[in-house]
Each structure stands twice: as C-alpha cells, then as structure tokens.
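Before I ask anything, here is the structure I am working with.
A, B, C and D label the chains in the order they appear, each numbered from 1.
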C-alpha cells in the first residue's frame, strides 16, 4: 500500500478492471487478476456477468476464487461444461464472448502482446509460456481488456515476439488479417488507463488512478507515451469493492 | 412363405445378413432390415456386437426392435449418446466402424447405389429420399453389407444417379476418390449372396438360399449376372434364429 | 437473454417471410407445434433447412410456405415417402420447390462450421457420387500439408433456428437430453432462435447426457406442451408411431392433405 | 477391447522409445502416475504432445525422456514458469528440446482433426502473429466459397495417448466427468491408448456431464489410485495446490530436481 491510500496499486488495478465489465455480458476469464476482476464484478455491479473459462466451463459461479482455470469449483457451478474444442470453436471463435482479458510480458503502443519469448525465438534469453488461448482471445472477443503492471521493461517500443495481435502496425491491420473482434478497448495498469486513439490506434493515457500523476505513467513506459489533454482520475475503490476483493483473495 | 419352407424370403435375408456380422466389432445400423439383422446377431452369435445408430447412440442394447434410428430405447441403453457431428466425424469418418449396412432403390454390378432419384435429377420420375448417411457409410466403414430384394427393376445395368459409391467403374476408383473403407463385401438378397470379383470387382453370385436356383437370381438381375462355378447353398435359418427374429419383429 | 413468450408471439417474432429457417430435432424432439404455427401464420418464401425434412417439412411444404429446401434425407422414417415433398419436387404443387441437396455428414459439418464462425467445413465425402454435379455448395479442397483432395461445404447460418427441448428455467436457459442430434449447432449457427419446451421450471437439475443452451444465445422460449408430438420427448411422452403411418395416407392425396391443413389452421395456438 | 493391466505393464506395452506421446488432462485429471512410470522406464527420444505441458512434462523433460515438444502453453498454472522446460529450451539440459509451438485453439483443432480422420483442420487464428514464421505446421488456406483466407493446421495423430479418468468397468469402458478437456479427442486421435483410473467398478452409472470412452477404442486400462495427483480427480480428491508451489522450488535448480528424480525412480509402481 502506498502512503496515504488504503489500498494497493494491484487492488486498484483489479477494481478498475472489474468496473469495465458490463452486466449481462459474457467474459472469457484467465486465472490471476482477470479472474479476481471478473469475480469481483459478479459480486458487485454485474451479478449477471457470464464467466467462461477456457477449460470449458460456461457460466461458472464460483463461491471462492478458483485457483486454476480448471478448478473443480468451476465445473460444479457452471451452467454447462463443454469440451476444449467446443469452447474455442463454438464460443470464442464464433464471436459470442464480449470481453477477453489479456496480459503479457511485453506490450507495445498498438496493444500487441508478447507472452512467448524474450530475446531470439531460436536462442531465447527467457522462454515464456507461449500462446495458450491468448491469440484467439485477442482475435475473436468483441473487445479486449489488457491488464498489466506498467514498467519500461514491459511497456516496450518493440516486442521481441508478437503472440497476440492488438492493432498490429496500425489501422486496417485487424481487418486485413481477418480478425473479427474489436481488439483492445483499454489497458488497465497499476498507474492508470490507456486507450487506443480512435484515429491511429496508438495507446494514450486517458486516466490515472488516485495518487498517481501522468508523469509517473510516462516514466514507466518504454515509448514516448501520449497523454490525453485532461486525463480522468479513476474514482478510488469503494469500501464494498475493497471488502469483496479482499474476501475473494484471502479465502 | 414359399411352399416347402418354414420361413419367408425376407426372413432368410435377415438371417443371412445377421450371420455376416462379427462378434466384438462395431456396426453402423440403419432402420428396417439392417436393424433386424444386427439385433438378431446380438441375440445369437454376436453378443458383443456394438450397435451404432446415426442418431448418436454408441453401443445401444435395445431390448426390443427400435422403430426409428432415434428411438428412445437406443439412447436409454447406449454406452454413450453423442451429437450428430461427432458420430459422423469422430466415429464414422475416422474409420472406426467395421460394418455398414446399405440398401437402395437401384444397385449396379459394381455395388454402386442410388437412393436419390429415378429419372432425371432436374425432372424426376420418382423423387427418392436422397443421401442421408449412406454416402459416408459407403466411403468410410471398413466393409459394407448391402441388403436388397433382388429384381430387374432394382438390380440395374446403369444407375439413374450414384448416391453411394461401391467400386465406381472398377478397380482403383475408391483409391482415386480417397475412400478409405473397403467397399461392398457382399450383397445379401432374398435369393442369395453376391460378392465382388477379386479382380475386376464385378458382383458375382456366390451363394443361393435354400430352395433357390442360380437361374432365378440371374433372371432377377438387370445385367448379365455372373455366377460362381459352384455357388454355395446358404444354410437354412435355425429354429433359434427364426424364433429370435420373430420375437424381435412382432414385439 | 431469452424472452419467455407465447408460441404464436415467438414464431411471429423470429420467423419472417423469405427467411432461411432451420427446424431441427433428429427423430427425437422435432418442433412440430412451432412448425404448425408457421403454417397458421401463413409465412411465405421460406428456405427450409433440415437434415431430415420428415413429416414436419412435408406439412410446411404442402402448406405452400417454402420456396427452397436444403436437406440430406427426405423420407417418412420407417414408413416410406414424403408425398408432399415429392409432389412439390415432381409437380411443383402447391408451388415449385428448389432443392439444395447434401449428405448427413455434409449437413452436420455445415451446421458445425456455422456455429464455429467459419465460412466452410472440410470432410471426406461426396467424392465419386453424382451429387457435386447437382449441388454447387460442394467443392474440392486440397490439404496444404499432404496434398490430399477432400471436400469443402459452406457453413450454414440460417436466419432462424427452431428446436424443441424438454425444459427451460425462468431465466430462459434451456435443457434437453436423450438424443440431442444437431440442435445445439442449429441454434448456435442461426441469427435468431426459438426454443419450444415442455415446461418451464425453477431449476435445471443436471442430468446425464443433458445439453444446456444458455439463455444468452437463445432469442425466445415458448412453452408448447406435447410440442414435439408425434415425435417424442424423452421423459415426457413416447413417439406416436401410428401417426407416422397415418400421415402416409393423409399426405398421399392433395385433397386429404388439404383437409388436414384446414384443421391445423383452425386451431388457435 | 481394452485390457485391464498393471500400470507398469500398460506403460511398457504402449510407450516405446521414439514415440509421439500425448498425455492430456486440462488442469483436471492429469495422468501424473503414468508420467512417472514413463520416467521410471527410462523411455528416450519421445515427442511429447500436450496443450499445457505443465508439471507433468516439466518432469518428463527434466528426466531426459523427450527430444521434442508440441505444445501451446508451457507454464506452472497460477505459479509461474516451468524451470525444467526452460532449462531444456534455453540451455539444452539435460538434452536439447526441439519445439513445435501452437495456440490452444490450434492444438484443440489438431486433435479434433486427428480424431476425425482428416489430415488438417481450419480455424481463425495465428494471422498477424509471429508464430507462423517459426512453426511450419501453420499454413494459410482459402475458403473455396468466400475467398476468405484462414489458417490450416495438420491433424495430430500421436502413437500413444495417455489420460486419467475417474473409473472404468470390468469390460474396460472408461468414464470421466467434470472438466474433460481434450481427452476424448486425444484418445481417438492416437494409434494406441492407456487410460489410468481411480477404480474399476461393476457398472458405470450414468452421471451428468460424463464422457464415456468405449472399451473398443482403448488399448489398456490400469488402476492408479491418486494417479492424477497433484492435479485432481473430481469426486475423488482435490488439487494439491501447495505441490504446484513446491514444484517451483524443486525444479528451479538442477540439483534439487535430480534429487526429486532419484526419489521417483526408486518407487516401484
């Protein structure tokens, strides 16, 4: 927790991610912070949020935070448990899922993500886990929320590897590659929120969290970060949000 | 029932078809005579026969003759009920099923079958039901048993339409079209049994049922039917076979 | 989220003149009640899609609602021919019926491609048969790895899918079990969907072999008790096999069919 | 028909040096006991196939059994990295590991194509990413109806699939429930298969969500109680989350891993 606040930067990031989810829509959830945010949303403003985990659990309603995407609590509480090919083909690829969450080791200014390798692919400095479901989430969810801690090491000028496409090299690339989802709607960090410029799709700082100055976000970015004329100020977490989140993460 | 026998020609046909099924193998069953034959086999010499109906019932063990391929008794007694795409893709197309039964309005000397149309396709004399599962059964089952009453009208020199491929126009055609199943193993009729010649794949009368002379089969065929040097004589139905078959068909 | 509506309102909402309509149900759970309501609402120029047209489409075709049929097997299962389908194809009565003919495997894969957001599906099928010469939605495709030639068929994405299920909950989640055929794919491939059910219940207790369609992929749910008769609804009622036999006599002649049609049109859903 | 065998005999029967081996199980029902037996039998030069290599392949790779890995996500779920996988890829220890890398959707469709007897599958995927430049089993394919460009991936048809299930009957029919992932496709795509189970029972009572693999598509069934631990078997035991944490420490250094490996090799299955 930073001085003067009653919450951590990660908690603020989870709360902000949670708020971006729309009640009554379907959300493709990965483990970790996305699962925290989605479960927080379902317990606060979005009780009708449909949680879909890539293990094949449609409409899971876990009463605690699942510890993996294949946690038994997901199967036990789901409306339906389907096979892995079905979740990717009939549900994700078909464009039925509104929100996908992504994160990564590296992000560039056009919302492209690297989760594959640091260094050369054939001679890696650090071999990362790889694609998983991310490339197709990036391609096919109606919109993508990227959640990542902001740093010069991770918000980079040039990715070592494009694992999941944001806006490629700019407007028109998603269409050219036949990607039918809308791409990144915003990037929620521990410092603020970045949104793609409607014209050229470059990520722009549009909001900062309480206690954060835009300069801090610029400082933590490996490219010259654009800042909106008047960045908004994220409302602080409410007592309810913090309470629910903490009960989720400590249970 | 013909004079001097204690069974009908159709009963003989069902019994002969039933005997051709091998215990412990899987059989793709259509309604009508194939279902009679398969259920008779399961109650006599092939208790381990696996019945697969195209409705998606794998390993059905009906205690009465099902009245349709989607009869509830099939789902209730199956090892597993799967979707229609799965039965065609994972089970039939993958070549897992040993025996497929086919029948049709017209058959030619190379075991090709018409169930689509009599007359011109665009201006039909008689519009028949069409393909159903037959073309892929013909293509992908390891072997095919054709069961049809023999007549000049149905055993024809030239099909009006090829719905399901036997041996096409002769050796090499199945390979050329990429069909991985072995094609027709035999044609079981109300008069006898026809088998493809190992050289040129032309159907040849290799057996006649009790009380039938080879000439009758030749007479009932719309092409000059080849007759084996010494056609075998089908053993008559046993008392058990007749008893089980009649209990099946009257229940 | 699916709306729970009256059957007549549901059909009026989802089925429009000229639509491509898929009513599915493989022997089991055939949505007859909804089909009759389409007849009562005098829909016109429909493209009917269904693997096994069966009695339900024999009736809709005979009533003159259809301009086109996409199918793979058009018979009265276990009985014989579909006389109204034949009369339309052979004599254009009551109106000409254009057909697009496939195999079961082709149709099943077309629905699966439609449900998957793909423009086409690949299968081993059709090669060596006379169907590709008559149906322009069958094309060769070459495997980019082995060079092997296979067959491609385009996705089905009907305007509307109509299916019958055993039950739904009050939120509109649908549950069906027994032989569930191609119904999930039909609903997921369509732009709109109507599911008729035997009953609406408070909770969908999980059952062996049950398939659930979440409310958010269904447009409307309508209660239609006995809505699959004369086919059957496992756990509710059996197939009325005599009705399939009787249909052979009713449908054989235009007059007897027309009398039947008058009867259906008099019923208020 | 599946034979019911001892685990060591089953592994010896189905897994041979140089084989392509798919051990599947998506978080749930991971066949750890069989994986350890592969290690004990000192298999060599395996091509390992698995969507999520996970601890099980970190162990098999660290033990030096594998020459190649076909995968889509190589991490310790919820914990971090797979250190043995990294050490093999980054430093070639204990031997170099060739990789063939896909996405989850690609791997799932490759198994489905393999189970379907097709040489390839089509999906919307990979386009615009750097993966096609590194993986030669990703190729463009054009829809013959719309002209749209999509992606083709070749079928997976491993020599052997190994999965864990809750139970089998005495005839060797296998039943699993809960999250069943890609296991059915893995078994159906493979030439041979071994299923480890928690128990063999007289009868497989149907259960909601249960998947059945008929005995005639399975090569061998072996009882391995707790055989999915530290993953879980729904209805039998929970996931041992601390073991996943502890693996991070054990696997981080070659020495601590080698000590663990000695322990595994001392056990008699």
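Definition applied: a residue touches a chain if its C-beta (ideal position, glycine included) is under 8 Å from a C-beta of that chain, and two chains touch if they have at least 3 such contacts.
Keep in mind the model is a prediction, meaning the values are calculated, not measured.
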Each chain counted as touching subunit A and subunit D at once:
C
Steps needed, at minimum, to go from subunit A to subunit B via contacts:
2
What is the chain whose Cα centroid lies farthest from the Cα centroid of subunit B?
A
Whole-Å gap between the CA centroids of subunit C and subunit D
39
Intercentroid distance (Cα basis), subunit C paired with subunit B, Å:
28
Could you check subunit C for residues that touch two or more other chains and list them?
112, 117-118, 123-124, 148, 150, 184-185, 209
On subunit A, where are the residues touching two or more other chains?
89, 93, 140, 180
Mind giving me all the chain pairs that touch?
A-C, A-D, B-C, B-D, C-D
Can you list the residues on subunit D that touch subunit C in the complex?
117-124, 137, 139-141, 143-146, 148, 150, 152, 154, 206-210
Counting only contacts in the complex, subunit D reaches subunit A at residues 26-28, 51-52, 71-75, 77-78, 81-82, 85-86, 89-90, 101-105, 108-109, 111-112, 123-131, 134, 148-150, 178-182, 184-185, 209, 232, 234, 238-239, 241
Once bound in the complex, which stretches of subunit A touch subunit C?
24, 26, 50, 58-59, 79-80, 89-90, 93-96, 140, 180
Enumerate the contact residues on subunit B facing subunit C in the complex.
31-32, 54-57, 67-72, 74-76, 81, 83-85, 88-89, 92-93, 116, 121-122, 124-136, 139-140, 161-165, 168, 173-174, 176-180
Show me the residue ranges of subunit C that touch subunit A in the complex, using the header's touch definition.
1, 112, 115-118, 173, 184-185, 188, 211-212, 214, 216-217
